[in-house]
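Listed below are the structures to be examined.
Common to both upcoming complexes is chain A, partnered first by chain B, then by chain C.
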Partner chain A sequence: MTKFLLRRCSQAVVVLLLVSVIVFGLLHLLPGGPARAILGTHATPSNIAAFNKQNGLDSPVPVQYWHWLTGVLSGNLGFSYVQNQSVASLLADRLPKTAFLAAISVVLALLIAVPVGFFQAVRRNRVGDYAITTVTLVLYSTPAFWIAILLIDVLAVRLHAVPAEAPQGSFSALFNDPQAMVLPVLTITVVTVAAFSRYTRSSVLDELAQDYVRMARSHGASHRIILFGHVLRNAAGPVVTLLGLYLPFIVSGTLITEFVFNYPGIGLLAFNAATSQDYPVMLGVVVVVGAATVIGSLLADVGHALLDPRVRVSAGIA
Partner chain B sequence: MSIENVTAVRGPEDSALEAEAEAAAGGVWVRTFLRNRLAVVGLAVAIALLLFSFVGPLFYHTDQVHTRLSMETLSPGTGRPLGTDSVGYDELGRLMVGGQTMLEVAFGAALVAVVLGVLWGATAGYFGGLLDGFMMRVVDALLAIPALLLLLFLATVFRPSVPMLILVVGITAWLVPARLIRAEALSLRSREYVLAAKTMGVRAPTIILRHIVTNSIGTILVNATFQVADAILVVSAISFLGLGVAPPATNWGAMLSDGLNFTYSGYWWLTYPPGIAIVLTVLAFNVVGDGLRDAFGLDTRRG
Partner chain C sequence: MRRSLRRGLAVAAVAAATLVATACSSSGGGAGGAGHSSATGKPVAGGTATYAMLPGASPNYIFPMLTAAYYSVANIEQFQRLSFRSLYWIGNGQGQPVVDPAMSLAALPVYSKNNSVVTITLGNYKWSDGKPVTTRDVAFWINLLKANKSQFAAYIPGEFPDNLKSYKVVNDKTIVLTLTGSYNPTWFTYNQLSQITPLPTQVMDKTSASGKVGDYDQTPSGAKAVFNFLTAQAKDITTYGTNPLWKTVDGPWTLVNYQSGGYAKFQANPNYAGPSKPKLQYFVEQPYTSETAELNVLRSGSTIDYGYLPAQESSQASMLANQGYTTSPWLSWGTTFFLMNYHNPKTGPLIAQPYIRQAMQSLIDQSTFVSGPLKGYGTTNYGPVPAKPSNPYSDAYEAKGPWPYSPSTAVKLLKSHGWTVTPNGVSTCASPGTGASQCGKDIAAGTKLSFSLEYASGTEYVTQTMQALKSNFSQAGIQVNLSAQPFNSIISLLTPCTPAQSSCSWQMLNYGGGWTYGVNPYPTGDQLFATGSGSNSSNYSDPQADKLIQATVRGNVGLTQFEDYLAQQVPVLWMPQPDYQISEISNKLAGTGPQSPIESLTPENWYFTQ
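Moving on to the complex of A and B:
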């Protein structure tokens, strides 16, 4: 286990470093570099030169990278000249809101998708399985924003059941107006259930085909013990790893959802930053989400290894 | 946006590879595919949508360049089966024109993603060792960045046009094929014919192209099909956010974005047709991909 942990952690560190290089590269990929991104398109060459000198941007690129990296590690994610606030304070305000939205939706999705996928795998190729497979395949092929539009059309416009705009204001507003949370949560849940249940189904099917299942059956173990004692636990492993890897997709999904419902999270922050060319904010979001994903998938792999000793032994996680 | 893609890192078993090689050699996969009714329906739908977008305008003439504000948001009626949009364009004609850019970008991006991913993955898997470790960590790092954020960034830096969108979407989508092909290459590199070629002094690039890539053709074809489906979702998402092609060009995502403003007015013809078109196309390519995967006898997961 120690060897596995060491190996996996060192991989995560390398990936984190690469993420930082990519983000730093993106900032420098901009025509005119960071100075142009911050001063705007109308900056004169002498303005840019002065800015570069003032901010140490005339030093060699590796030195700049080192300064930027140590800054990021100490919580300095740059400054948004568009919003006149530090990127870190913007993120501190928005991140909890997105985390809250994503957490509720993913927990709901797991509560629905795991039993559904499990049921489908156990009753494979029967009417119930086909019906659910069809529904999840259609949902899986449906973009999040169209699901959002359909939900608005049915629940907000036709039935007047819930408002179509998310709660605004501080974090506590999210709790004061639960009705307004319904549509954003529902949108992400539906998209996530489609993917998770398909994944759970194939994960359980993989396990059902294993030798140990046949072995247990031939030893006279009951169907229930095989399913809930062995298969469920082993099939849970890949689902846990999936959770770790799923983070970037949650962020992409929440970005769309936040855009449609005007939900004040990091997705909307990133979108507004993109349209107002506020690059420090965009890249700040990328850094935070990228780091969270790498750490998330590290934790998921460790969780998988704790659940399933076979992973620890082979340690062949790609 | 498809998560199953990313997690499908397990390489197919050797038996599956052999079955695939046999199947590919005998063209058996074509027959197996054609026996799968759902997949054939999917293929038919995909072809029908292509014809609708590219041949349709030859029979159904509409002006998709000049706006006519006197004709805005008219409900469906005679001469306009799906009504008109917020600047007076005929919605059915718009659906055809929008489908063209949509499918062009989707096919182009899938091609870019697959070529880039196959070359990257085959190289990493063939050489193995430190190079492989480094190349795959690069893939991990890029996977940790949400594709949509990267797309937003690139779409604001580069002016979006059809070729630009193809490149941008392709560049964010090559990671999954890279992982899949790397897994194949890892198992193919120790085959006798590869070792024989190596002993005879065949150069690495030749071995990768002639032996590794050609023997992974099943995986490549299946993934390419899923890539088209994913690219459609991605392109429509960027366009929905208003960062797609500039008017009067359009695509289904941009049309939906326009329709979103009119949901409270009850103009269903602005949101349902483009939405259904997206779902139908993505579904068709996903079903074809599933059928191809079964025909090649690959792993049950995506790819």
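Moving on to the complex of A and C:
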């Protein structure tokens, strides 16, 4: 297992380096440049030259990359003039908020989606299955922003049941105003339930068709034992993989929800950085999302291997 | 006039988007925008009013001597000046862009010796720690500026403090400035003195957090050290709500809480000595990263007391009225235009001909643009000095416009200068030469009247007007090849250039904005239209214009000749001036009007009603 982890981590480092090189290069190909974006429409050439010199932007791109990389390795992700804050502190402020939003939503979604998917698989091709399939397909194919707007219209505008805006301020504000978390959480949960329940249903159906299930039945095992003693564990594999791959979503995929609800998370940070050409923040977010993707993929592999001995054998982990 | 505020202009592009659409009110009004809600009840003391900030325009810098990266309306007019007042306050009770003596820290300055000596006398203002605001605090600002002028965003070579020969503190209330020459008193007061922001010497004249307060500012090296210290402190935004440096204020509000992203909570300063004491207990600035999010909150009828209606949601105005909001357009003190490159090797000779520029201006149907894409939330604009909000500078000639929409005038101008006009085709020069009835210098026979026009994409209003413009221009055979580019691509070209430079290849450029007169409210053209000035991105050069501009700065004449000449000459193509925003003000909130023409906030006048 140690060898497996080392190999995967090495791959992860290489992937992250490549991603950072590509993104750094692409950002510097964008027209305009950070100085003009930050200093505005009427900055004079001398203003721009002074800014570039002060921030090392007059150096060749490889030199700039090297400075940035050595900074990252020492924990310095750069400084955002747009936000007047270091990138590290921005990420430290926003990441927990997004993680909190996504974690609650995903846990809620799992609590709903797994039983629903199970129910559908067991009752496949019956009225209940068709009804739930219809609902989940509709939700799965509906854009998150549209669901968010519908929820706002009904629950906030018409019923005045909950606020239309997420809690503002520090991380603790999320706990001080739980009502304001309802709509952002609900939006992500609804979308995620639809996806997870579809996967769960498919996975359970696959397992129910396996020989070991017929064997267990022929040996007189009860339906409950078969489902929860055998099928559940095996069907969990693909779902765990999906969950691992959801980690980057947790970091960045909440963008739409954060945008609609003015939720001060990392998705919104990335969006604003992109629109204002805030290079340091964009690079910082890319590093974090890239790391989350690699770690998520790694966790998915490990989780799958732990659940399925066949994977351990084939990967040489055992 | 100086450089426009960065975010202000960025917002101008957004403003174009924000120029909304409800036909329920017009932006006519004389002042910066009525800004009055329908509040009629009995005043209630205290409470917290929440103001929604425009997307991308949240405050993030508290030290008033700010560097270029933080030079914005949101930082200066809507954040710093709540706590730190400038010597002269722009925006009077009628919403006009003029000095309001009652709101200013000092009495109107007295000019003497042929307008080369200025005597400033402070009023009875106090810092929040109870100490008086003195001329020492004014000198502190001047000393910091002199030692760090290249760092200050509003600094322009040759202007303040370069034009300050010396100063003398006469006593705690009076300071005398001796200038390097004679200056127009109005220009000097509005565009130089109004930027002076006295700072609390007793708190800020130090070089480290643990160091003692001293007179460090009185030597250049000490002043540099103080500036560096204060700048470093201003970059630590997590301490904005707690750092003692920012707690001693002479304005009506003290910042008590600031969050990353721009959330700011101010508490009323009980020692504020100005004419209008705060009635509210707290004032909150709430950042919104999208107009959608802000509108959703407005629609749900909660938390926002003073917000705005996004452009694309015009149909929501009546619903917001039902939710208890009053719609009020907020007029901006600025001028909108797009640029023509006088140094482009190919089209520069065409643009250099005033009659061609005048013909093009005659093909811009501003009234239709206002009633169409702007949905009524804008005003026609024919020169450097805006006709609205109402002001003492604009005159009838410019307001009416020497070149209003008239395709026949455009055709006539071209024909009379030797062009074969081909409506819906491309007109060509048939009579080359420099005679009065010929095409003009460096324009060969057969030259086509054709231009490329790059405009900023992503703003509905700009896109619509550019498409309409292409159609309008074709009436006189002026071909415009439109090209939408990202905003940042467009603004990257906004640099004066020479014909040989590759960066000079653009022909026409529209970034969807123009020029705002925020911190330099006297609308002279020294930075925008004077030959060689830093923000003269179109490379315009006209000796007569230079002479008239110089007269508004160094002479003692008004703006009439300057503005009329530029309106007549059309150095840029004048476009309608969009409103700054369409405000939505809670009917429970009173005292909000008039809205400031320079987009500053005065929540000390606001109060809730029963």
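To be clear about the criterion, the second predicted complex is superposed on the first by the 246 of 318 C-alpha atoms of A that agree within 3 Å, B and C clash if a C-alpha of one lies under 4 Å from a C-alpha of the other, contacts with A are read in each partner's own complex, and residues count from 1 in each chain.
Just so we're on the same page, a residue touches a chain if its C-beta (ideal position, glycine included) is under 8 Å from a C-beta of that chain, and two chains touch if they have at least 3 such contacts.
Computed from a predicted structure; not experimentally measured.
When the shared chain is aligned, chain B and chain C each come close enough to touch A:Phe271.
When the shared chain is aligned, chain B comes close enough to touch A:Leu29, but chain C does not.
Which of chain B and chain C touches more residues of chain A is settled by the count: it is B. In the superposition on chain A, no contact is made by A:Pro184 with either chain B or chain C.
Once the two complexes are overlaid on the shared chain, A:Thr241 sits against chain B while remaining clear of chain C. Residue contacts after overlaying the shared chain place A:Gly117 against neither chain B nor chain C. Within the superposed three-chain model, A:Val15 lies in touch with chain B and out of touch with chain C [touch as defined at top].
By the touch criterion defined above, A:Val286 reaches chain B but does not reach chain C.
In the superposition on chain A, no contact is made by A:Gly78 with either chain B or chain C. Shared-chain residue A:His160: touches chain C; no touch with chain B. Within chain A, the residues touched by chain B in the first complex and by chain C in the second are 30-31, 149, 152, 157, 164, 259-260, 271, 275, 277. Per the touch definition, chain A reaches chain B in the complex via residues 11, 14-16, 18-19, 21-23, 26, 29-31, 137-138, 140-146, 149-150, 152-153, 157, 164, 195, 198-199, 202, 205-206, 238, 241-242, 245-246, 248-249, 251-253, 255-256, 259-260, 270-271, 274-275, 277, 279, 282-283, 285-286, 289-291, 293-294, 297, 318. Listed in rising order, the residues of chain A touching chain C in the complex are 30-33, 36-48, 50-51, 81-85, 89-90, 93-94, 149, 152, 156-157, 160, 163-165, 168-170, 259-262, 264, 268, 271-272, 275-277.
Contact residues of chain B toward chain A in the complex are 1-4, 6-7, 9, 136-138, 140-150, 152-153, 155-157, 179, 182-183, 229, 233, 236-237, 240-243, 253, 256-257, 259-260, 263-264, 266, 268, 271, 275, 278-279, 282-283, 286-287, 300-301. Those residues of chain C that touch chain A in the complex are listed here as 3-7, 9-10, 56, 60-61, 68-72, 150, 234-235, 237-238, 257, 259-261, 263, 286, 288-290, 292-294, 296-297, 299-303, 485-486, 488-489, 491-492, 494-496, 511, 513, 515, 527, 534-535, 537.
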